[in-house]
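Each of the next two complexes has subunit A plus one other chain: subunit B in the first, subunit C in the second.
Entry: the complex of A and B
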């Protein structure tokens, strides 16, 4: 600490450098890296900047954006949600089963069938989130273990319901009109992701809950002493995260066209990776939703470029691991630097 | 148990002492009750063959859970255990089959396998511990990264296929040899590791320091302990234990399996926590690890004997994990 202050006294930083650091502090590391990556890929990777590929990246990143935004909220209250991947699977399976089951009884009422399926999926997500939140808030047990447990339970239920076989028989309108549709030339999931990011942005910046989430994650004791009803907001945060996960699961199901219990086993880890790359602190209290959206986009752009370069998916896994650790290490080092300057 | 708690002013009244010893005996009682209950439905559960089988199976889990326990003591955990087990299994099998094909002497082949496996484990521990202790990055992120790296390596170097033809001497050394007649080699090895860990944790400065680092990192630093070095050493020790377990599993299957570690990460954490290792750090020991591992192994053994559907087993495992943390919670509020 003392060496830092003598540094400052010894060499006054130039105005340009000062401005650079202020800009860097305002924008952050991720957008710069993202733009750099896109520019490089545009030259190096064939077919990277053509319309179908751009739409493809946008669509597939939307699902992760929705998940990662929920994960961010939970990380901000100092928690973890390892069950989001399982919730995606459970809501996918349960909504598909309800829709396929109602198909024969309600032949002409596709809209009603869809509503029933969507509500079932959302309900499953809400239920898992409620269990997570209640355990964490009222029994003050480690979120890591609780969500590990509920993840195991939810995956087990999803597999049990389907025996691991994909569920077909959803209304055509759900798949073609929503899942695979282009609205105003953009995939429908993109609108969903933008809406959720905007909603969470408002939540974070203009509502009491947003401020309370920061307060709970920043210093739980101080929040309790200040009269914040921490338990209620903890439960609400976990429930919201799971509901977002089920929305992502529903959109993914509509795109795939079937309910699957093994929908994507990597989703939980990817959602945490996206949030962490975006500078969300695992200690709680810090996180910006627009950065998390960029973090998810960053991961998907990277995977997409590696796919186009026909890099073996197994080697891609290694890359993903290295990048997560490096991004956090760089972030750690650069915040140390900016604090010192 | 290693209940030489560092907590200041821990007064023990009669009632709380009784409560505590009841809680300490809860898991053994549960294990016995479960086995007797299952015996009524399926007598084979208490046959000599099945008990021997349980002992052998749980000795692997004891190794992985103690690897996890060493880092959980310091308030960390290792998500890469499992993926690293797969990578180590494949790497050591490749080293052995490669040398075997060249016609090297048996002892060279076997020791090359051991060195490759333990060396790989050392590197994983160095990576995890290095980033965690020197850069102060959360164990979750670092071990998430090494999980992906190990997973990628395991499938890349093997091409996604099992590596067959691990030489028999390796298997007889670590699995079906007859060093002491009547005692299965894995059980013997696990016991040896347990005894060594007991002395390391309870009778060395390094071992006691791990408890203090987990209990109160600030106090550990102020007491002048080289916390960073010890933290690094804890992760290396954990990775080496996992590597040894991976070698034992490879000897058992007789092949390097890229999917060997599958559910081990979850099971190892669950076994440690169910046994009584606290995720808040600073509480644990080798006996909780043994009890937790026995409990999980016996439970899945009983469910298999009762022909319970695998998916339902997964649901039950989740319920038991949540039940275990309630137990952990009760323990820590009472003590």
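Entry: the complex of A and C
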């Protein structure tokens, strides 16, 4: 009777499938798909593999990597951050305004002006994250509603400060020396993204906080019973996510050369998409930063290929939505499969 | 490592050997709608095993949760080693040497065994972790306990028995003065249980106080020193182990003579109404299960927590996906995936164990809750338009036969006691022409009076020729009510008992069987053939 049941489970046709799943389990689906995509696009899409385009993809994916890594941390504690896009806009506008405002009073002190602008941007991010975290951890409000609300507030403030007009007048050093600079032939933003991914990798694997993030998202009750100060770590996670978003906003501002309130309305969805494609569970507790970085790269390669093929941006928006829904559905199906084994 | 910690504890204990380790006087705890603990006294001496005994919902878990710092008592004194404790938190309790091992695991499935052991108590400096030290310590503790688990396995991938071991190992990470074991043997094998008992004996000698929550009378009479019996949130008695018989303990627990509590049911088995043929669930929580239920009898299914007994009846009703096998109602095979509405129309109704989560819409009146599963019938609607007057009449009649008090059907279910809530669920079953009743833990959390009424109702259903399937973790209940009793163990049906074979020794011997999966189902299928 028992042998009968195992026969039924391991029928011959599923051997190949099993091997595929083992490979999938070892390195994941994403790297395979990423390589496949690059190979196909190299043949199909004109100008895809030429150096300026590669640098362009790397630069623009860096901003998303930074954003998605923060989003991953919040998803891992079982939350959600819909305010990251708004934080990018707010930090862009606030830092640009401070830098432009100080320009006349502090001539020849570009470094100080830049420091002041950057601190303002980071401060705005930290503030929004703090509000998000405090509401989620102490008022136990749904993260969905809190971050939707703070997103609206941050966007509103950014629009109010600028009337929707781009803010110019940042020091040349900030734009040319950082935002548009190539260091060792790579865009500066790439180094920033690598540094943040490395830092979060250390956080996840070698620190208490990394473990507590998994515990809070994996089984909140167990974390509380085990004496983990869950609320403090929840606040810290949301704050960290928003600070990352503001870093992304600052780098993007330096690259564009102006502070903009309408910087990119799709960023929040893209950050969640990158995380989910990388296997971050929406139920919390699961996520690897190196995969999230690849997820962001994957999205940007797709977008870039569509741009090169001159596909209508409105269709691209639809495509992004389809990818998100597919990724979530696949995530759900794969957890169902692991439950069976 | 554990021995050295025990030695430490024993030195500490020697100084206060005669003192009480734990003293609780007049503890009260109220949850919305229930008084979970009502003026309960409890104490524990060092080096003693004190058993907590009572039905589900008697207040055992509330009491141990208060001791572990998870709940704060509303009233009463609570002293640990002579110190009054107020606003105790779980972490602080652990630091003082109170180590709970809960039945509901406090484990994070995404973390490894080692990571779970050290959760909240990681070794390391400045926020960074010392992996090597934790790995070594985890190995040492697991080795001493004689458990067969690897520290780097993910907890989510372990079996329930192994998770139980992790939970126990977690209690031994720091110095233990008071150990709480909540049904620790519920998913362990015989050998693992013996290991655990040997460990309990060692701890006892070292002066550790142990609170042992269990349903198994024979088991705790062996290792317990004193037994405190709780019923409906009150302390009934504290007796010395060995002073009272099994039957006396059951009577203390239920407050009734065994004969009075369980009505004599006149089983007249008729045709097979429900047959489950070689059914395996998609999540493998039940494998190759065979059983049948006949009209005019109660078919019981007993088994340990997580053995799959609840899942199999849920699957019959279409709540868990079936991977293989056939379910037959009145000889007619049901499609691979039964759906609740289809089963209702065939006269099958399932009564969930968790009435709040799965059974009732608390904010809605009794009337709506009772008619919820029958709105497609002409009594309740005509062409999708509700017939409210007819509904009121029909539900009022059912509520009256169930003796639901008060008999106002517009009261919201949230205001009802556990017993009355169960009656609302039963009323739902009576709105349709149901002949196969699947009861999943029907008396969890309801008081003795309501229990007797539920049993009486079951008796009258059997008399009317219905087929009843009773899944229960309360051994006395399932043993006394069933005409035939199936025993499930580790996802498989391992025995079918009837007549004089339905007794605690026989049932427990099947709970504890090990590695008999080959001959178990085989002998069972021969039993089926005869």
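Throughout what follows, the second predicted complex is superposed on the first by the 307 of 341 C-alpha atoms of A that agree within 3 Å, B and C clash if a C-alpha of one lies under 4 Å from a C-alpha of the other, contacts with A are read in each partner's own complex, and residues count from 1 in each chain.
Here is the rule we go by: a residue touches a chain if its C-beta (ideal position, glycine included) is under 8 Å from a C-beta of that chain, and two chains touch if they have at least 3 such contacts.
All values derive from a computational prediction rather than experimental measurement.
For subunit A, the partner touching the most residues, choosing from subunit B and subunit C, is B.
Applying the stated contact rule after C-alpha superposition, one finds that A:52 touches neither subunit B nor subunit C.
Of the two partner chains, subunit C is the only one touched by A:224; subunit B is not. Of the two partner chains, subunit B is the only one that A:322 touches; subunit C does not reach it.
Residue contacts after overlaying the shared chain place A:314 against subunit B, while subunit C stays out of touching range. On subunit C, the positions that touch subunit A within their shared complex are 68, 70, 89-91, 94-95, 102, 105-111, 115-116, 119-122, 124, 127-129, 131, 280, 282-284, 287-288, 324, 517-518, 521-522, 525.
By the touch criterion stated above, subunit A contacts subunit B in their complex at residues 80, 135, 139-142, 144-146, 148-157, 159-160, 163, 269, 272-273, 276, 282-283, 312, 314-322, 324-325, 328-329, 332-333. By the touch criterion given at the top, residues 77, 131, 135-138, 140-142, 144-153, 155-156, 160, 266, 269-270, 273, 279-280, 309, 311-315, 317-322, 324-326, 328-329 of subunit B touch subunit A in their complex. Within the complex formed with subunit C, the residues of subunit A that make contact are 1-2, 4-5, 8, 206-209, 211, 214-215, 217-219, 221-228, 285-286, 339-340.
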